[in-house]
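Read the structure below first, then the notes.
Note that the chains are named A, B, C and D in the order they appear, and that numbering of residues resets to 1 at the start of each chain.
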Amino acid sequence: MSNKLKVVVIGGGSSYTPELIEGLINRHSELPVSELWLVDIEEGREKVNIISELAKRMIKHKGLHIDINVTLDRRLALKDADFVCSQFRAGCLEGRIRDERISLKYGMIGQETNGLGGFANACRTIPVTLQICREMEELCPNAWFLNFTNPSGMVTEAILKYTKIKAIGLCNVPVIMEKGISKILNASEGEFIMQVAGLNHLIWARKVLYQGDDKLDFIISEILKGNDPLVPSNIPPFEWPDDLLRKMGMIPCAYLRYYYMSDDIMKQEQAEANGEGTRGEVVKAIEKRLFDIYKNPALEEKPKELEKRGGQYYSEAACELMASIYNDKRKIMHVNTRNNGTISGLPDDCVVEVSSIITKNGPLPLNVEPFPDDTLRLIQLMKEFETLTVEAAVKGDLVAAKRGLILNPIVNTGTILDEALKETVFENLEHMPQFHWMFDAS
Amino acid sequence: MSNKLKVVVIGGGSSYTPELIEGLINRHSELPVSELWLVDIEEGREKVNIISELAKRMIKHKGLHIDINVTLDRRLALKDADFVCSQFRAGCLEGRIRDERISLKYGMIGQETNGLGGFANACRTIPVTLQICREMEELCPNAWFLNFTNPSGMVTEAILKYTKIKAIGLCNVPVIMEKGISKILNASEGEFIMQVAGLNHLIWARKVLYQGDDKLDFIISEILKGNDPLVPSNIPPFEWPDDLLRKMGMIPCAYLRYYYMSDDIMKQEQAEANGEGTRGEVVKAIEKRLFDIYKNPALEEKPKELEKRGGQYYSEAACELMASIYNDKRKIMHVNTRNNGTISGLPDDCVVEVSSIITKNGPLPLNVEPFPDDTLRLIQLMKEFETLTVEAAVKGDLVAAKRGLILNPIVNTGTILDEALKETVFENLEHMPQFHWMFDAS
Amino acid sequence: MSNKLKVVVIGGGSSYTPELIEGLINRHSELPVSELWLVDIEEGREKVNIISELAKRMIKHKGLHIDINVTLDRRLALKDADFVCSQFRAGCLEGRIRDERISLKYGMIGQETNGLGGFANACRTIPVTLQICREMEELCPNAWFLNFTNPSGMVTEAILKYTKIKAIGLCNVPVIMEKGISKILNASEGEFIMQVAGLNHLIWARKVLYQGDDKLDFIISEILKGNDPLVPSNIPPFEWPDDLLRKMGMIPCAYLRYYYMSDDIMKQEQAEANGEGTRGEVVKAIEKRLFDIYKNPALEEKPKELEKRGGQYYSEAACELMASIYNDKRKIMHVNTRNNGTISGLPDDCVVEVSSIITKNGPLPLNVEPFPDDTLRLIQLMKEFETLTVEAAVKGDLVAAKRGLILNPIVNTGTILDEALKETVFENLEHMPQFHWMFDAS
Amino acid sequence: MSNKLKVVVIGGGSSYTPELIEGLINRHSELPVSELWLVDIEEGREKVNIISELAKRMIKHKGLHIDINVTLDRRLALKDADFVCSQFRAGCLEGRIRDERISLKYGMIGQETNGLGGFANACRTIPVTLQICREMEELCPNAWFLNFTNPSGMVTEAILKYTKIKAIGLCNVPVIMEKGISKILNASEGEFIMQVAGLNHLIWARKVLYQGDDKLDFIISEILKGNDPLVPSNIPPFEWPDDLLRKMGMIPCAYLRYYYMSDDIMKQEQAEANGEGTRGEVVKAIEKRLFDIYKNPALEEKPKELEKRGGQYYSEAACELMASIYNDKRKIMHVNTRNNGTISGLPDDCVVEVSSIITKNGPLPLNVEPFPDDTLRLIQLMKEFETLTVEAAVKGDLVAAKRGLILNPIVNTGTILDEALKETVFENLEHMPQFHWMFDAS
């Protein structure tokens, strides 16, 4: 890598981008980005322009020199890139909202990375992502692809299985857990080691090493006292089953509620859908407000309001990851990468989310000690769902889709699944070319 | 084993017993039973006497000599037994009905071997079964324990893990599949080999070998044409997803509907519960009618009506199993036995339901070729549920119970599970001494 | 299969063939062979003619009608065959003797299925065998290939990995063990079940089930008393380490001496090589005498002297295997077949030697209970040697050859191995076309 | 840990100790050792006093204050220790020489960590080590035990399996590899990452990450050009098989010669034994010279001659390890630690030698990508040898010893092994109380 870095952001018009800009500004001395390219599609033209103007103001405000480029021509942007950050949303927020509403209609939890919604999101996102990677193979074959587009684990698995691009998936869930633990321990992040393992949105903290001791049990006790700063701000408060958590001896990420507290989540979602709206609908309103703020020509910093958005620390993590690779920092980060034996009992070629030291050659995962049997079974089950979903998304294989969904604990099976699946594909037809065959004959 | 066999039936007052009697009569020349002991408890005194009288008439009618003994003193019966058949129902049909109703109340499928009901049944049945086996260790340590008390897989696993008794679990599901395939192939059972594998109520036919070919795909096609004689008469008609079944290349047992068609089953159960009653309630009415028939002093044969009862072929299988062991017949039967590597990916010491040749030393399982990944994941998940449930049943470990139930696909999790679990234990307290501690403190 | 069977023998001029003829004669009522084709190569013309004449006399003597055909045109023989028996020796006995002498020269045990000799034999035999199978794919795609050409496990693995032919490998080692146990138990073979498992020439008896008990410990005690009828007549007497055998709880086949008693074998081989000759040389002399006997026009039965030859019961086993397949006998036999999970810890697609029930669809292996760790490690090591050797034999891959040989416990490594390997290939160049590249450049 | 560290050296009279002193001196600012205790036994009194005097001179020379204490009372030294370094030699050099001579007498490679000699060394060393650890459980339960007594892997496994002490095993082999690679790359050690994996004296470098590339192939090419600075100075020059090494894509440690070049090593050892003496005998002469040098009251630094001793960098590594733990440095070091899934295919509770980041809580191993099948098989085999040897050493189990030795590729089996084993135990009886039973009855 040269000392004049080119960074490309796919989905540059995302409301998250100002956080990314802030991260690049803060790290400018160690991460000498000279060109930043914001790529978007026609539907995002207005947004990406607002972001671009804000970015320029932020950079100027700090007296730095980073070229900001906006384009709808992805190939132009990708040429000779060093890092490609992916944060686009295939089908926009409308797609997410549709997923949530269809799931709820059929009595299932509606969610953007899991269940029927996760399936739909994967099928919309993976074809576009693979197309980008194929362009990268041609235009910037040595660039790193940093993915934080959801469902991040499946998207990263698709890239690593079907392209030659070096990809790392990122998620803010472990970042938030680490910040929460930092607060509980009253220690800075460098002072302790949190090791997480599992799949994207299905991780547990397995170790919290601090001053020569493993503080797991202490942290669990604090969480059970109601002191739970490990949960993203976009997830409503809830209570873990006390005895279960103490016995397990691991800290579940907030998304494990979908398995441990499925009925509570279902009820909550139904209430929200009948009230303030689904999460997607709420986010849409937040986004609208955010862009109104971004437009303000007086704004020269990332606004406070962005933190409510849910994706907090995503971009922070992305910048830190770029800096760690560029400088061979060997810092421990929590990333989606090829398993290769890290979690025993999963295939070598699948993608897992694990704590790794980040080197100039990418992540070297820390070994994960064997999981308790019951959690391993859950991880294996969900990885099989993910792997079949990736296969369905790449090949348009409906039976693979069903086989995966049948395994997923938050999916209802039978006649209802056939109907929900058909509706999902039909309503997303524009974004799911791989399934056009289903409707061709008619 | 001598040539004067002593057979003991635990739960001798069961309505199934006449089928067992018929089986013993039909096999008398190869299985020289001289004493049959029907054991029951005080609540079953009337029933077991009715059965005993009918049994005597049936035997006399055929001109045979088998001593029929009735007793409430189990130790007396067990002394020097050769075979002990277990078909008792801990908590009687009332227990089953209660399980069904509690499950439905909490929005879950109510079932006697799976989900919350399966958990409850295991917790009622396993302590009694282990007590019987401890008596056998003292009174007839070399006898074979043939279990067809539900949940048969978990009960057999408990015996093999916690006692020294040689136990084999039986189920009529594979027997019915085999008879169905026989009908489709228009071939007698000896002419083809059906190999099944999985767990009790979670099996697939993996091979149907006939005249040098594997007829699996042909049988699947016939089933999908609506010609499905593989389903027990107590299971209402349903349709398998066509594409799924063809791609899988295995024949699922009828109980796999709980995983592949969960929503349809739920709706059907709710309709039944609001109509003719739950399955337990229907069975209760059938049983009442059966005993009225059994009482008839003119009855000298197993009545036709018994076949509606649902457990058809159970006793047939039990008699055939006894005859195969006694005569070292090396016949292929489908039994619950210790895994020991038969199904790859499951612990050695767990119990699986697999086709085995039956020798004088018990079952020698046929090797099971690797399962497709998705079905293996389901089997592993459910085995973990079973193993944790057995642990909970033996040790009264509530966290083990929860960890198991959380994995079970037909269980709702969260607050509702805590409540349903508490109600289940409380309502069964008489039959669940292992959980008394939960209510002791108050 | 029709009721007029065509059987082809590759290597029909082998001195073993009269035993095969006898086996076919004895089973004529259940195995209605109408045509027997003896195939050989130019070098074997005289021998195969002697055998053919003897065969005709034997059949006539019993008043049966089986067409005996001799040909050097393999394709003619293979057309529409039902069973193809392979018992040829690539490179003839001269090849075997050369293997033994080269091994000994470099200080290694010389052996036709193991070590450097096993490697050489595999490299001579596998290319010819694959060629035969390719002809079968065209001329008799549904025929069964019964292999008893050494090294039987590797040859069978090559067929199953690289062709579509249904193949089963046979060896007389388990047959001899079974007959020995029969003698110790004073029971006929049908009365007990011996279960063996491992690889060809690397098996243990894992169970000896007789009258409801496992007699393993008793048999081991008898063997240690010096009563060891389990060893082939071509293997000189030796003594197992007493404590080891008792603790292991399994009966090792005689070939395990190469691992447990390597130094004794080495010394014995060196003494023999300096005395009466290597095993190959001894066999050559025996063969010469046998053919002199076979020529005798008065001879109408398999002569007694054949039993000294070492391969006793091979052909017996082959005939029984054909009869078991043809009649779907479901008899337990000990065969080389695809692993598919039978022995845990080995790849699914490798070939293992395991007790199986023989059906019209071929062998269904009995599950093998987990091996003790140390024996499993030995089996895994040797399977890796075999798999790399097969790869080397098929592809002419010298590095694969070395990687395999380095693992083999009876091979010396380093400079000496490079030299021995080079000499082996050079001396066998006529029979090892896959390695011609090594000498092309010079 | 306090900021006044107490370090104990078991076998303080070792000729290596001056290197350790030098290491502590060089790190004094980051590793504030205030007390150093040199423990030895009566036979080592003179040596340990020489070392102690030299140590005092070295420390004084640098103007530092570290209390140097010498004692034969181990308990006194262990009380409240922070680090216990073990570098004693049970049975002294005489034991090592005896091992070498007995092995050679029976035609086997004589070696202190492998084969018959490794077995003997383990049986002498492990009982004493466990005794030390039991004292530590009482006197300094939180201290770290840093083992560099050979056979380091087996000794560490024994501690982790049979005591509660936190132990890490160290070896200079990976240190020398790393220094060699540093030289080839012309890069400082911090600039690249070498990842090794395997067992003690059985490791491969699996990755050499430098400036964003994996330099493995380049390093292998350099080694094959004869530029091999990765080999310890005590190992005579040799040549790896070119094709093998290139194909393997991993860098073998020098000790892999025992498997890849067994015959060459055997011949070399025999020549040495008949010439300048076995390695033990050579070392004995070196040691004598070293102590003559150490005695010189003018000597105030570690003498240059120590580097010839073979154990170079051992103490360097030990000091660096202490500093890394004390300061939570998270540096990558190569240590013997519990496997826990790090190398797939080995038991969780065995000890492996793997690159790990060193934290205040000890080592966190980096995940090891799956090994090629053939190397995995060798590792599994040797781990089984080690595990059985540890069992034999702890329990005096002769059959476990034999089962282990039979698997070891450098051991001859059969009658000769029985004899060699008996002689080994008899000649070491003073140091092998666990085997006294073998000679008690007579």
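Definition applied: a residue touches a chain if its C-beta (ideal position, glycine included) is under 8 Å from a C-beta of that chain, and two chains touch if they have at least 3 such contacts.
Everything quoted here is computed from the prediction, not taken from an experiment.
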item	value
Intersection of contact partners for chain A and chain B	none
CA centroid of chain A to CA centroid of chain D, Å	45
Separation of mean Cα positions, chain C and chain A [Å, integer]	58
Multi-chain contact sites of chain B, meaning residues that touch two or more partners	none
Chain-level touch network, classified as line, ring, star, complete or other	ring
All chain pairs that touch each other	A-B, A-D, B-C, C-D
Complex contacts: residues of chain B adjacent to chain C	1, 193, 195, 207, 209, 211-214, 330, 332, 340-342, 344, 348, 354, 357, 359-361, 364-370
Contact set on chain C toward chain D in their complex	107, 241, 243-244, 247-248, 257, 259-265, 373-374, 377-378, 380-381, 384, 387-388, 398-399, 402-404, 406-407, 409, 412-418
